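Look for subunit A in each of the two complexes below; its partner is subunit B in the first and subunit C in the second.
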Partner chain A sequence: MMKSIAAYLFAALVAVIPAATAQVTVNISEGTLKPTPIAIPVFEAEGADRQLATDITSVIQNDLLSTGLFEITPQSAFIQRDLSINTQPRFADWKIIQTDALVVGEVDRVTIEGVEFIRASVRLWDVYGEEVMRLEGQAGRRFTAKPEDWRRIAHKIADTIYARLTGEDPYFDSRIVYVAETGPKDDRTKRLAIMDSDGANVKYLTSGTFTVLTPRFSPSNQQITYMSFENNRPRVYLFDIQSGRQEVLGNFQSMTFAPRFSRDGQSVLLTQAVNGNSDIYLRDLVTQSTRRLTDHPAIDTSPSMSPNGRQIVFNSDRGGSPQLYVMNTDGSPLTCPSGGRDTACRITFGSGRYSTPVWSPRGDLIAFTKQSRGRFSIGVIGTDGEGERVLTESYLDEGPEWSPNGRVITFFRERAPGAGPQLWSVDLTGRNLRQIPTPTQASDPAWSPLLN
Partner chain B sequence: MIRGLPASIMLHAAVIGAGYIAWPYVATTVTEDEFVVVPVELVDVGEMTNVAPVIEPQEPEEDELEPEPEPEPEEDEELPVEDIPDERDIPVDEVETAREAAPPEEEDDILPNFEAEADEEEEAPPEEPKEERPATPNPKRDSSALDNLLNSAESTFQSERETRRETQAPRREPPPREETPAPQEQRAGAGERTANTVRIEQLLYNQIYPCWDGVGDQPEPERLNVSMRARLDAEGNVIDLDLLRPSRAPIGDRPMQLAIERAQRAVQKCQPYRLPRDDYDLWKEANINLGPAFTGN
Partner chain C sequence: MRRLVLSTASLALILGAAACASKPDPVDNSASQVSDTGNTNTGPVRESDIETPNRVIDSGPAAGSLEDFRVNVGDRVYFNLDQYRLDADDQAVLQRQAAWLENYPNVRILVAGNADERGTREYNLALGERRASVVRDYLVNLGVSQSRIDTVSYGKERPIAPESNEAAWAMNRNAFTQIMGGPSS
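Right, the complex of A and B next:
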């Protein structure tokens, strides 16, 4: 009897309760990061500005495409074609072509006190969220510039979209300085050149009379430091882009090379070779004073400072083969990852020779060139020597430099013996390896900070 | 009498059960009402329309765009005269600056009221035939192995998207995963999870997974966990999507803001969900947790 009651009771509960409280739970811990589909219709414009609007749109598309993080929805797929920056798009029309984000913009001109400016306005829509995505707190952004700076307007807009959708800091509106190489191998002309981050607007800064190497941008102003063989005396120079003025850095008696600005742009790290022994020095650009940082019979070179200025990574063969070491900028001993205390800690122990270390602007990684088994690669490693990752490899990959946001690494590659160097870039993840087009062969690229 | 007892128990159980069924509806209705308010706030109508006053007569195009008499004001307000000297201070040639007009906040807020017109347009059903997308004219890329990998991933994604467009249902390959049920929170008295529940969770997982970008590219991804509750109609369309945890991104927390946006987009993008109609009661409401911490399924 009681069993029978219990059975009925159980049957009743089973029959009713699951239906009443049914709820499923889905847990997903790992996504599938794919390029974000984004539609960027040609910006609206009137009359003669239509071509300008087309060009600006094209630069924005190319910037975003170059990151490997976006997929541009082709114009032929668009259903809604009557877009306006002042009206809400028909989201259904964009959902059906599977576009996550929609960029709507317009280009016009304004004349203020007799001076004509071009002006580009942009709005970013979240298609599935059916709302405007605020850009730096605003429902839209507007940029104004002189007509000749239209590419910079495009880069600024691309930067705004990139930052909003990826969470990264922007970097398109920046420049790359590099060494342009022409002529036969035994009579090579190496000139300083500068271009926009997408390879446009190449300009030459030096005549090519003297060979130049390893240009590096100041992180805080429009200065470049590099090594030049001017007067057959290899020394480190400073070059002011705006004035075109060039000067020797410091009054070093011997050959100086491998210069690099500190993060605040107030000083330059460099190497001086005295009687065949290279050590690292810090030249203060304000006080004009010089401080020696390493004093070792081995070759110490290629210094790069951490973003907080407290530490330096450099390359030394004090352990036998070239490896990367970290030291305190003030020379005080530090605790090494291996446990002991020393004035410099070795952080690379892999097979191969490590060189040209560059501290990431984010502070957590160091990029390097590695030579192993007759091939060269670009890689990154944690500042404590952990987590080494090789990003590229070829016959010759060398000279990594970080984009201002620390997301992309540019370097130069020679695919095969005699092929000549070209500029390349690779995402920090190791994906999206691509060549940066230059009119001539090119080496030693270095990124400028983001322009204002 | 003896036979009446089980019947009475069943009747009581049925009444209690009806209560269980009805109560979530009542509760959801309230949620729905609250939810309706949200888009209005997010669209920021007031903020967008309260732009600076007009200085010059509006341009002809504004008449078309503006459903309200309020003209578009910021066009002319956008560049305050005081900004121009800054513009000219910028050194010429090498480092010419394309600086923003940097107007005050309201003036930069260039969105006029577009609500009325847009709503009308949206109510019209999208009648235009679905355009088939041609093969994407991808830019020329290097032929290195790494890039090929990326390209193949992109083209796979493209073809998958096209497939989905044809079928109107997600059919992407999910990664292999275990069939074991997840340790999930259950309501008291819900009883054992049935095989159907597990199967529905599996189906949902398979359909949401390809649409979620994840947070692996963000700093400290382990903290970027987003819990949502979706209410679905019988066709598998999302009626409501409630953000449970966090309820919103802390101001200035860009990674969390992105994580929330991506999570919501994933759920919205992959609908309608193809799930067994007979078990609609089981999946009319679903908890969806996206983030590195949610390793249960």
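Right, the complex of A and C next:
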């Protein structure tokens, strides 16, 4: 159904132009009180491809705009109107309208072994440095894909520009899986849905006959793990995106939930509830074996593994209210930041209840949901419990999930009682808060890894 | 004054109801037209059915029915915020449930644990499971066979009160005993 486009997508050198060190840089960590001005004129194209070029340019602009780091110079301000990808722009014309960076591109078609592809070439100019900015070491990039995958070409170009200007890893060419919600609150239909990271190309993966919750991607991009109430037996499932096949994970005798892949994709962390007690387990997908990781009469759930696989952060109410704890994956005791050695260390001590911890792909931060004084927030905290920062707050903000580069968090928000959930994203500064449009109300968003 | 308004309104209701009852139902007319066109399987409406109604004595739900269980026994117990302890009221309901189940030994039950919306999904699934298990354990202690009881947690996914206020949240923190497999009588 969803054919792998990776095979058809490749980057190629446009031309080699010697380039000196570029000067435009965007500092992502400090946030942007002043976004970097960037001009992205509509890509050049011939005849019928002009609409396609307009659409591709628009997706690139929206991607960059959505970061809050850039300001798109309006077309009405342009002085030079005869840009070409093969000639140097008149820098003075762009300096005078105070643009720091200029993107020049073109779209055409190519036939390879009888199959038609679209092709987009792009070059990035440093206006004040008066030089080309090398992209992946080249003076320009070219992307080729099947016509129906034109949006992916646009995301790849936006990724290239973002990565070059910020020094960060890209994330636009990725997908988000989520729970699409319809119907009244007391008779809700919840279906798995998948879409591009900007909300385009929504597809439904399950029919809605059974409630599904908490989908999460595997690092391979090919599988999703989620929880389903199929046959009134709530269990963790695996969903194969390529084949559409769904299967129960393992042969647990009671409810399993809160699944999440390990960073190597070899295993799934989950919670099993047995006789009123929830504990955390690790299911190895290769050996089909299961290991119990916690054994405590309190609720232990929502496990998430560190990128190096050595530690797990989870939610437990063993201290009287839901808080975040860190443990070693092998179960050995560790030295707690707050002193002493234990099999699990509490890392949250702020006022409120903490849950749904998710370890950042960079390894340095843990995102969480916090409940305090009747409001819900999304926040981040160091893995040692230091440096807690609250990024959002509303009636209900829940379920943070990281972008592939660890710079953006998606979550779901019910902004007011009864308003219903919608998908949102926020960057690590907390300044760039945006709603991700979906056709229905939506919850439990989770980001895929970057596509190939 | 208020009383007068009320009784006038009641009178209007009664008059209205009487008027309705005395009028032929237009739907009936169209139905008889349909049978006139040759549908011989449905006979004409027999007026005698209307003129001599049987006396109805409301003696409540039939013993052993789902309604009996819901109304006379009680099919839900409610919990305090974040709690899964059973208070005296809850225990009284569960004692009635156990007694009822003793009378109808073929009945199986599904105990569903629920949580309010002021918690995260995953934690609430665990909390709902705790609540369902506490109810099951209490019933088992009262002599109900464990093999007759299934449990499930719906977390915060199945609220019975859709509003977002303290009263609704209190309603939604519950364990619901659902009769499965049909009650015998």
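Observations, loosely collected:
Keep in mind that, in the parts below, the second predicted complex is superposed on the first by the 418 of 452 C-alpha atoms of A that agree within 3 Å, B and C clash if a C-alpha of one lies under 4 Å from a C-alpha of the other, contacts with A are read in each partner's own complex, and residues count from 1 in each chain.
Going forward, a residue touches a chain if its C-beta (ideal position, glycine included) is under 8 Å from a C-beta of that chain, and two chains touch if they have at least 3 such contacts.
Here the structure is a predicted model, which means the values were calculated and not measured.
When the two complexes are overlaid on their common chain A, residue A:116 makes contact with neither subunit B nor subunit C. When the shared chain is aligned, no partner comes close enough to touch A:342: not subunit B, not subunit C. In the superposed pair of complexes, A:184 makes contact with subunit C only, with no contact to subunit B. Which of subunit B and subunit C touches more residues of subunit A is settled by the count: it is B. Once the two complexes are laid over each other on the shared chain, residue contacts for A:371 go to subunit C alone; subunit B is not touched.
Judged by the touch definition given at the top, the superposed model places A:295 against neither subunit B nor subunit C. Residue overlap on subunit A between its contacts with subunit B in one complex and with subunit C in the other: absent. Across the complex, subunit A is touched by residues 2, 5-6, 9-10, 13-14, 16-21, 24, 39, 42-44, 47-48, 61-62, 65-66, 72, 78-79, 81, 84, 87-88, 91, 93-101, 103, 105, 108-112, 114-115, 117-118, 121-122, 126, 128, 130-131, 133-134, 136-137, 139, 141-142, 144, 146-147, 149-150, 153-154, 157-158, 161, 164-165, 182, 184-185, 187, 189-191, 194, 197, 200-201, 204-205, 208-210, 212-218, 254-255, 258, 261-262, 264-266, 268-269, 281-297 of subunit B. In the complex of the two chains, the subunit C residues touching subunit A come out as 82, 84, 110, 117-123, 125-127, 129-130, 132-134, 137, 152-154, 157-165. Subunit A makes touch with subunit C in their complex at residues 184-186, 188, 190, 211, 213-214, 227, 229, 232, 234, 255, 257-258, 271, 273, 275-278, 299, 301-302, 315, 317, 321-322, 353, 355-356, 369, 371, 374, 395-396, 398-399, 417-418, 444. For subunit A in complex with subunit B, the touching residues are 1, 4-5, 8-9, 11-37, 62, 65, 68, 71, 73-74, 76-79, 84-93, 95-98, 100, 110, 112-113, 115, 117, 119, 121, 123, 126, 128-132, 137-146, 148-150, 152-153, 155-156, 165-167, 173, 194, 203, 222, 241-242, 392, 426, 429-435, 451-452.
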